[in-house]
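Written below as structure tokens is the structure these notes are about.
The first chain written gets the first letter, and so on, giving A, B, C, D, E and F; residue counts start at 1 in each chain.
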Amino acid sequence: MSSWIPLWLHKLGSPPTFYRFAGTLRPWAMGLALLLGAIALYGGLVLAPADYQQGDAYRIIFIHVPSAWMSMFIYAVMGVASFIALVWRIKLAEVVAMESAPIGAAFTFITLVTGSLWGKPMWGTWWTWDARLTSELVLLFLYLGVIGLYHAFEDRRQGARAAAFLAIIGIINVPIVHFSVNWWNTLHQGSTVNIFGKSKMSWDMLWPLLTMMLATKFYYVASLFNRVRTDLLALEGGKDWVRKIAEDEAKS
Amino acid sequence: MNRPGVATACAAMLRRDLTLAWRRRGDIAMPVLYALIVTMLFPFALGPEDTLLQRIAGGVVLVTVLLAMLLALDAMFSSDIEDGSLEQLVLAPQPLALMLGMKILAHWLTTALPLIVIAPLLAAMLHLPGAVIPVLLLALLLATPLLSLLGAVLVALTAGTRRSGMLLALMLLPLCMPAVIFAAGAVAAAQQGLPWLAPIAWLAAALVLAVVLAPLACAAALRIALDA
Amino acid sequence: MTAANTAVPLLEARALSFLRQDEPVFAPLDFQLHAGELALVEGDNGSGKTTLLRILAGLLHVGEGELHWRGEPMQRDTCTGEILFLGHQLGLKADLSPRENLRIAAGLFGCRDGIGVAMVLDRIGLRGYEDEPVRRLSAGQKKRAALARLLLLPATLWLLDEPYANLDRIGIALVNQLLETHTAAGGAALVTSHGAVSFHGGEPRHIRMHA
Amino acid sequence: MSALQAFFAMGGYAIYVWPAYALFFIVLIADTIAPGVRRRRVLRELRARLARQSVRQNRNSPAPPSP
Amino acid sequence: MNRPGVATACAAMLRRDLTLAWRRRGDIAMPVLYALIVTMLFPFALGPEDTLLQRIAGGVVLVTVLLAMLLALDAMFSSDIEDGSLEQLVLAPQPLALMLGMKILAHWLTTALPLIVIAPLLAAMLHLPGAVIPVLLLALLLATPLLSLLGAVLVALTAGTRRSGMLLALMLLPLCMPAVIFAAGAVAAAQQGLPWLAPIAWLAAALVLAVVLAPLACAAALRIALDA
Amino acid sequence: MTAANTAVPLLEARALSFLRQDEPVFAPLDFQLHAGELALVEGDNGSGKTTLLRILAGLLHVGEGELHWRGEPMQRDTCTGEILFLGHQLGLKADLSPRENLRIAAGLFGCRDGIGVAMVLDRIGLRGYEDEPVRRLSAGQKKRAALARLLLLPATLWLLDEPYANLDRIGIALVNQLLETHTAAGGAALVTSHGAVSFHGGEPRHIRMHA
């Protein structure tokens, strides 16, 4: 482990410390996610006006787009964690990468289904082999491949390394998902939200969308911590701190 | 003590895999026969209507050839792992990526090349217009090594697992989809008399990238697979 | 090549152990191996002998502790080509003949000066079977074909996992003789075996494994 | 049509909008619950492993010879 | 000393093969995924034209399912031969043909059944009319065990050889062609609203014959294969 | 079961030989094996020991000469279930645990009265490894899992091809003990081995193979 990694990070990377740290932080992240989610839903479903073209169907946007962003964001996180895991062999990075995958797969799945639920009234079809749709489907397959590869190995750390490798190979798909609308002219919408410049969307619709985006980010943190804690228990089964937890839990 | 140069080692590796393939030449013929069977079954299953067959010919040949290649992919490293040859290869004082590159080359030569050779026959069996066949061959010449290279990386990744089959298929699907799309796109364009250079260029670019990166990735993946 | 027992050991393990699912496979090991020495790895079935040899060969990652090669931390490229590993899996292609198998090995590892494949096969006792596919050989003949690598390939450290298994008495004597010549020439070897090893060139070091 | 009814009708797109939201919540709730279930299994397996390990350690090396 | 009855032995055998398949359940999924991939690639390769896809749907599904079965056939006895389990089976005081019958049954259950289960999905992906699907399933239910049984005999025959792949494909082609023709005939007839019972009856008759004879042939062939 | 050395031998070979490509693999053999006897098959690597055992098991066809089982010409069904064969290939499925492997064997061959799989695994020294997939066992542990069949299955004649290979000292002693109990109970065994067999129950018969 290189010396330039600050000491606190190094400490945090130690499984028992992180286990405790994540345990205290998780409820806060979950609480924020629920609060922001509730506000965003109220704003999106009640306050925001209907779209002049799409009517009320556009309200799927408040879950479709944040989920779509999360599907790519989580993949990026997974890719970075995978890289760290492979280069420095830090156990926590392996776990973060591997436990991000199911959450990412969940959001990808939501994106695909909400997208096709939206597509039926708007395009008249559930599914076409459009570039963005296809690349998002490929993203789902990549997530499933990472999850499957991780669990296919008997040695979990070996599985984590192999799956991390796949995650890194697959990262080229993320820019393809994002830019596919620019590169090929297709059915799917181009960019309408622009965080830094001027968005093409009215503020009434935009703020619930951005709030929901924040809510999903917090949700991700909460869910990730929850999963990482469980996985650390499975991975560190030989260590005393885990044995203690196991015995304590057996007693209670 | 005379350490062999890299060229000698590459030659030894390539010769080894080609000799092995030749000893089991029945297995080389397997994908070819498989592709022939599929193509022969289509007229039976669909009825021998010329226009229909002609319409689907390009796509069927492409899909058949690529799938026939997948057949042989799974076995790429398995026998070497079982009999301990791979350990010896990893321990050899030679760049592993290069040696694996040779293995991939041998694999392409023994599975893809025979398929490409009979592709015109397959195409003719389904009445594909003769003018399209060169484009089909070009597309295959670019798409098949791409598949070999990507496939090798994935096979290496799953080599340490017991449930390799499904995973391999699951991971290959997203990776080979673009290759099929571009190759089929080129053939379809040629069949309709449209320009077909763009998709072929994309395939070529992807191939160049894969030739450089895939052996390295493959070596790294195999080291992980052995480490248990 | 240096004489036996120079200051810097060829191979040194300090508190070496290996973890499988976070459990150590064997108790931490400390040992040194100098040029010209033979070490016998001893232990019951399942005590981790094969695991140790695979770690030393660089096939498995060191779990805890340290491993030094000629005084420096052992890495993949510090000792490349100096180690010859013979495991439970013999590393022979069943469809190729012993001659072809050895040719491939020589192509990858190089071969000792003035030594040829035919000569090696003759010495190891496979005369007449040079061109038979390995699949058709008997268990002991296969083992001999694998052991022929010891004669052919240049290497400083031999890692031999049960080299005596399946061999007849002549074969066992042959392995002992190979080990003697190798250590006398300044090589070193780690050998696992359950049978008695009647090694003539000096008392071998013993490494005991405890599960 | 009351405001609430109008809200649930979603301008005629109810069959698309509400399943989308339902799915969103079902998937995320499942994702929240799953680790808890797994955690219990992991700990149970760990206890079994510890038990097995103590068996291996207590194993008296020579098998008790009795015909 | 209590010798197990034939029923016990059959159950043990079946359980063994099913457990093994379950341990490697990824490999069970392989033919299924393979069939899914092939079916997904067709719209890409041919363009998503509904009428065209519908026209070829029945044939494509049949060919795909049968070929996916062939994928798994090759491995039917190979692992048992390599690890010496087959020797033990031959030496067991049980009728070998019956034990092999169990192996074939297990093979059918683990490869063909999942394929039959997803066949309606495959058919739907290619827009096959819903009314034809029952006929398709019936045809598959009869044709797949036929293929398993015939395949097992051929695999057993080629088990002792090293060039099994090609031989297998060569010998299977003529044997499975009639099955495909009858099955496809039934589906096509159903799609056009014609009576489809005759081809189905032929398939059923062939199946009955195969169930009786194939295990016996298989046992004889395997004894020969081991004797080297 | 009968006592040792009754008039009719359990197994009798008369000028037995085996042809591969029309060449005899070993010189014609004549031997008798009575109930209660142990025979050691000796010979160099490649002298045909494995081949002989496979012939006796009925896996290979007799080339020339005759083979009698309890005085009658040996046929596939005269001795069905009475022979237990353990070859170089262990006949274990790597994906199944020792327990599952033994259960299958018991399902096919039946098992001795009053003996259960758990007990057998315990005696053979695999306690704690009953449910590990065989793939994850060490070489000696695999061998033990295969040898467990000797304890579990009922059989009169044991054909053991190098049963000692890969075993530690305790394992070797265990095999010897198994052989003693088996012969004392009126069983017979043919064993090939290159190592010293310290068999306590009477002098074993020797069958020498010449290539």
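We adopt the following convention: a contact is a pair of C-beta atoms (placed from the backbone, for glycine too) under 8 Å apart; a residue touches a chain by one contact, two chains touch by 3 or more.
Model, not experiment: these values are computed from the prediction.
S.K.: Report the chain whose mean Cα position is at the greatest distance from that of chain A.
M.R.: So the chain farthest away from chain A turns out to be F.
S.K.: What is the Cα-based rotation angle between copies chain C and chain F, on a 0 to 180° scale and rounded to a multiple of 5?
M.R.: Copies differ by a rotation of 180 degrees.
S.K.: With contacts counted as C-beta pairs, which pair of chains has the highest total?
M.R.: Looking at every pair of chains, the most contacts join B-E.
S.K.: Taking each chain's centre as the mean position of its Cα atoms, how many Å separate chain A from chain E?
M.R.: 41
S.K.: What whole-number Å value describes the gap between the mean CA coordinates of chain A and chain C?
M.R.: The answer is 48 Å.
S.K.: Once you find the CA centre of chain A and the CA centre of chain B, what distance in Å lies between them?
M.R.: Centre separation, chain A to chain B: 34 Å.
S.K.: Send over the residues of chain A in touch with two or more other chains.
M.R.: Within chain A, the residues that touch at least two other chains are 148, 152, 154-155, 237.
S.K.: Enumerate the residues of chain E that touch no fewer than two other chains.
M.R.: Residues 23-24, 26, 44, 162 of chain E each touch two or more of the other chains.
S.K.: Mark out which residues of chain D touch at least two other chains, giving numbers and ranges.
M.R.: Residues 53, 56, 61 of chain D touch two or more partner chains.
S.K.: Can you name the residues of chain D that touch chain A in the complex?
M.R.: Counting only chain D, the residues touching chain A are 7, 10-13, 16-17, 19-21, 23-24, 27-28, 30-32, 34-36, 38-39, 42-43, 46-47, 49-50.
S.K.: Can you list the residues on chain F that touch chain D in the complex?
M.R.: 122-125, 127-129, 170, 173-174, 177, 181, 184
S.K.: With touch defined as at the start, can you tell me which chain A residues reach chain B in the complex?
M.R.: Counting only chain A, the residues touching chain B are 134, 137-138, 141-142, 144-145, 148-149, 152-155, 158-159, 161-162, 165-166, 169-170, 173.
S.K.: So in the complex, the part of chain A that touches chain D is made up of which residues?
M.R.: Residues of chain A touching chain D: 45-46, 50, 55-57, 59-60, 63-64, 67, 102-103, 106, 109-110, 113-114, 117-118, 120-121, 219, 222-223, 226-227, 229-230, 233-234, 237, 242-243, 245-247, 249-250.
S.K.: Would you mind writing out the residues of chain B in touch with chain A in their complex?
M.R.: It is residues 153-154, 157-158, 160-164, 166-167, 170-171, 173-174, 177, 217, 220-221, 224-225, 227-228 of chain B that touch chain A.
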